[in-house]
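Read through the structures below before going on.
First chain A sits with chain B, and in the next complex the same chain sits with chain C.
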Partner chain A sequence: MLVIKNLEAYYDRIQALKGITIHISKGEVVSLIGANGAGKTTTLHAISGLLKHIEGEILLDGRSIKNTAPEKIVGMGIAQSPEGRHVFAPLDVLDNLRLGAYIRSDRQETARDIEWIFELFPRLAERRNNLAGTLSGGEQQMLAFGRALMSRPKILLLDEPSTGLAPLIIKEIYSVIEQIKRDGKTILLVEQNAKLALKVSDRAYVLETGKVVLSGTSSELVQSQDIQRAYLGSSVDGFLGK
Partner chain B sequence: MGLDSYIQLFFSGITIGSIYAMVALGFLIIYSSTGIINLAQGEFVMLGGLIAVTCHHTLHFPMPLTFLVTVLLVTVIGTLFEITCIHPLKNPSVLGLIMITIAASILMRGIAMFIWGKEEHGIPTFSGDKSVSVIGASVPPQVFWILGVIFTVLIILFLISKYTLIGKAMRATAADRTAAHLVGINVRKIVLLSFAVSAGLGGVAGVVLTPMTLMSFDRGTPLALKGFCATVVGGLGNPAGTVIAGLLLGLIESFVTGLVSSHYKDVIALFILIIVLFVKPSGLFSKSEEAKLKKF
Partner chain C sequence: MGVCNTEIELMNRDELDLIKIERLQATLNRAENNVPFYRDLFSKNGIVPEKVRSVGDLANIPFTTRDDLVEHQPYEFFAVPLRDIARIHSSSGTTGTPVVVGYTRNDRKHWAELLARTLCAVGIDSTDIVQVSFAYGLFSGGFGLDMGAEYMGATVIPVSVGEVEQQIRIMRDYHTTCLFSTPSYAMQIGHVMKKKGIRSQELTLRKGLFGAEPWSEDVRSKIEQSLGIVAYDIYGISEIMGPGVAGECEYKDGLHVWEDHFIAEIIDPESGNVLGPGEKGELVLTTLTRESMPLIRYKTGDITSLLDKPCKCGRTHTRLSRITSRKTDLIIIRGVNIYIRDIEELLGKMFEIPVRYQLVVSRDDQGDNLEILIEVTGELFTDEMRSYRHKESTIKHVLAGRLSFEPTVRFVEPSHFPPQGEKYPRLVDKRNATD
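Showing the complex of A and B:
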């Protein structure tokens, strides 16, 4: 469904991605894991059309989407819940969700989808008329997630949906990921927390300084010595030990 | 001084204040969607006035048509300004952009002087010159036109930004450009729209103001200065605060001029700006956490 070949990305002169090749099939949950600065966010930004200078290929259902405007990419069915949430702070929860459906023109369906988001995240329903900027970090994450779902994407890109959140909230968010996975949604999940990501995904790629250094099914990777040492050790203690 | 003098000062203050408010809101709209302080903002008012003069005296359009054509033309000029001067720049610096807007303002002034000359021009008031008596004070009817038109425009703008999808998209883009891209908002279109709206506001101000004060090629710059002061005093992020700051500025200017001396007329705005920058640098109507994120 989504195929990325030899993707390189540059910020001015700095090369952030050095030839990344990944693919995601329909209905799959694939995760992208790696340490700080590995290039995970850059990869998602490249897919969403936010970067000016990229080389290589990005194909959606066989068609190149490289150098396509971000709004067109949303229209083609790729939505992103960005790192750091980026909710529209001065707008209320409802308006944030409505703007998630900006590219759609079916008002009634949109209203129904908003109710569906509220079922997925009951906390958001309670706060529907609150300004997004007044929500807690966890609620903002849910809102960014819900907003991305509102465009009814074929592929959902999630950038660090767990970072900085309390374990209970993380659980809530991951149970929604599980749920939409069961509904057959295709997801590219970025996480620093490898253990969480591997648990929910079918396959994974490990990124290190702009390159894919390891890939495989999540169950293989969980067993892998390298992963154990480099990523799981610390995250088990840090996040999930409790 | 009697009550009637105070009422007169009040009306002249609120009238010029509403013009400042329009200019200030123009600054704010462009700043919110692009981060640019458009110092050519005052020229839109000047162009509005002078184009109206041509529409009315040369083309003999009736006043409503003059109004519509003028506002439309100024809106187009604002949009073209973005397309030709702002958009082509790749990775512009904030300073570079400010220089561009200053250059554009000088250019617009030059062209206006070429077309309309250096003298002042006027158009008739919208409904005669017979003053209206308000609690003993006589107020020219054009004052009510200025206030009526401007407040109608402000209310329409408010309703659009609050309740329509495009209005929400404008606010969303101002709040978070990256996120706007990610939900599929055509940010380029929003930027064009904000230049169009800002210029249109200036155009409206120009048409309603010209019957009162006449208009000439060099009137835009002082208005831009006052409007800019109001924008900063209003906190660069809060439309209601900006409008209130514009109105207050007009009122203070009017009362100081009337009660103290007209010598101070043009320094008052800067004086207030400096005081506000000392006491509350984020502006009177803004939260200081927000202000930290701003480029200026």
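Showing the complex of A and C:
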């Protein structure tokens, strides 16, 4: 469904992506894992059309979406839930969600979808009339997530949904990811927390300094001792001490 | 017949090609990061792995040879720390010094799954009783096929190699339905059955999977007749994984290379140029999923060609034509080319029973010499002395015509060879050692 071939991205003169090739098939949850600065978020931004200096190919259902304006890309069915809870602080929760559906015109459907989001995130329902700026970090993350879902995307891009959040909130957010995965949504997930990402995704790519160094099914990667050492924080030497 | 992994084996070419380039890029990046040999190779040759944008770009990367592996024994080709290696095998050393091959847990899983694909493809399933008569040990054949058969749910009898009579006894008593062995061992088994008057109908054998040495269609039909089975070819090379790199399907029309795990190229062994579909040359393999020991453009020494037409079975993975020789099968003695299989054919004609032999090439002041060692089993002993002499002189005579000098023929005790069924070098070339 989404194919990225030899993608290179630059911030000024610094090359953040050095030719990565990845794909996401319909109904799959794919995660990009790697350390800070590996190029994970850059990849999402490139897909969303937020970067100017990119080379390579980005194909959605065989059609190139490279150099397409971000709002058009949303129209084509790709929505990104940004890291750092970029919500519209002066607007209330409902309006934030309605904004997510700006590409759609059917108000009834929009209302139905808002109810669906409230089912997924009961906390947001309780705070439907609160200004987004007054929400906690976790709630803002949920709102950003919900807003991305409001465009009914073919592919949902999730950027670091766990960053800076309390364990309980993370659990809630991930249970929603599980739920929409079961509904058959296609998701590209970027996570520094590899353990979480590998738990929820079908496959994953490991990025290092702008390059893919490993890929495979998540169950395989969890088994890989390389991954365990570098990203899962567990050590195979541990048992020797016990 | 069944397909083990429908999604992958029947995947459309575009998707398969995409997976190949994805995995190739990751392999090159990992090799550069983790294997000093490749880091040096790339930097010396100005190769920037991230500039490899298509499978075709591989052609710019130098080959990896067996000599490279030999030079970096035992562990320098490993891309993971030794503690991540779950198992070590070593190449059989048919053509020289054995080299160590490591597997991580994931490598072993992939290995089992790839073998299961081939078992499925030839119609072996969980109801089968599989007799694994490949050597168990450092050689990857026995344990590899054992693992593949178990993965697929079959009942496994790990007989390994040894006395042929025992193989037949087990086959009969335990109702074996599938035999896995080298083709020459299967020939031996067929021969002993005939000698003992055991008809194939008395057995429950129905299929066999044979590999680890080149074998001809003629050998295939002999095995099929003598054992009353359908015989399939399976290909592998220890350095790359072991058996299971490629295998036949029910149509016996070439061996499917599992392209989601390996890239196969055919090159001109002399110039190193990549050859097109249908052209015969040396097989070069690149691993795509190997965690322990990624190998890039590894020269296998096996001579074959790629069949790019779709197979009737529906699998989209490309096929190798049957490997009938290895590059090292060609011996040049006193400037004359001769293939080992030509000598093998001659011996096959001279002796009606399968005989084991070894060719020893050496050099002295007179030039190159060829000695043909032929195993004398009990059966040959009963032969008349005169017929011996006759065979010896015929062999000498026929080969002298080809070689322009007379080779030596020597009959040797079975103890000169390893146990029946085990691989051994058909050719010992002592010339380089004395140079």
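Simple rule for what comes next: the second predicted complex is superposed on the first by the 233 of 242 C-alpha atoms of A that agree within 3 Å, B and C clash if a C-alpha of one lies under 4 Å from a C-alpha of the other, contacts with A are read in each partner's own complex, and residues count from 1 in each chain.
Going forward, a contact is a pair of C-beta atoms (placed from the backbone, for glycine too) under 8 Å apart; a residue touches a chain by one contact, two chains touch by 3 or more.
None of these values were measured; they are calculated from a predicted model.
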Combined model on chain A where chain B meets chain C, clash or fit: fit
Which of chain B and chain C A:136 touches, first, second, both or neither: neither
First (chain B), second (chain C), both or neither touched by A:224: second
Which of chain B and chain C A:19 touches, first, second, both or neither: second
Superposition-derived angle with apex at the Cα centre of chain A and sides reaching chain B and chain C, degrees in steps of 10: 150
Chain B versus chain C as contact partner of A:90, first or second or both or neither: first
First (chain B), second (chain C), both or neither touched by A:211: second
Chain B versus chain C - smallest C-alpha distance in the overlay, whole Å: 28
Shared contact residues on chain A - chain B and chain C: none
List of chain A residues in touch with chain C within their complex: 3, 5-6, 18-23, 205-206, 208, 211-216, 220, 223-226, 236-237
Residues on chain C engaged by chain A in the complex (per definition of touch): 15, 18-19, 21-23, 25-26, 29-30, 33, 49-51, 53, 80-81, 83-84, 104-106, 109, 289, 291
Complex contact set, residues of chain A against chain B: 48-50, 69-71, 74-75, 79-80, 82, 86-91, 95, 98-100, 102-103, 147-148, 151
Chain B residues touching chain A - in the complex, by the definition given at the top: 165, 168-169, 171-172, 175-176, 178-179, 181-187
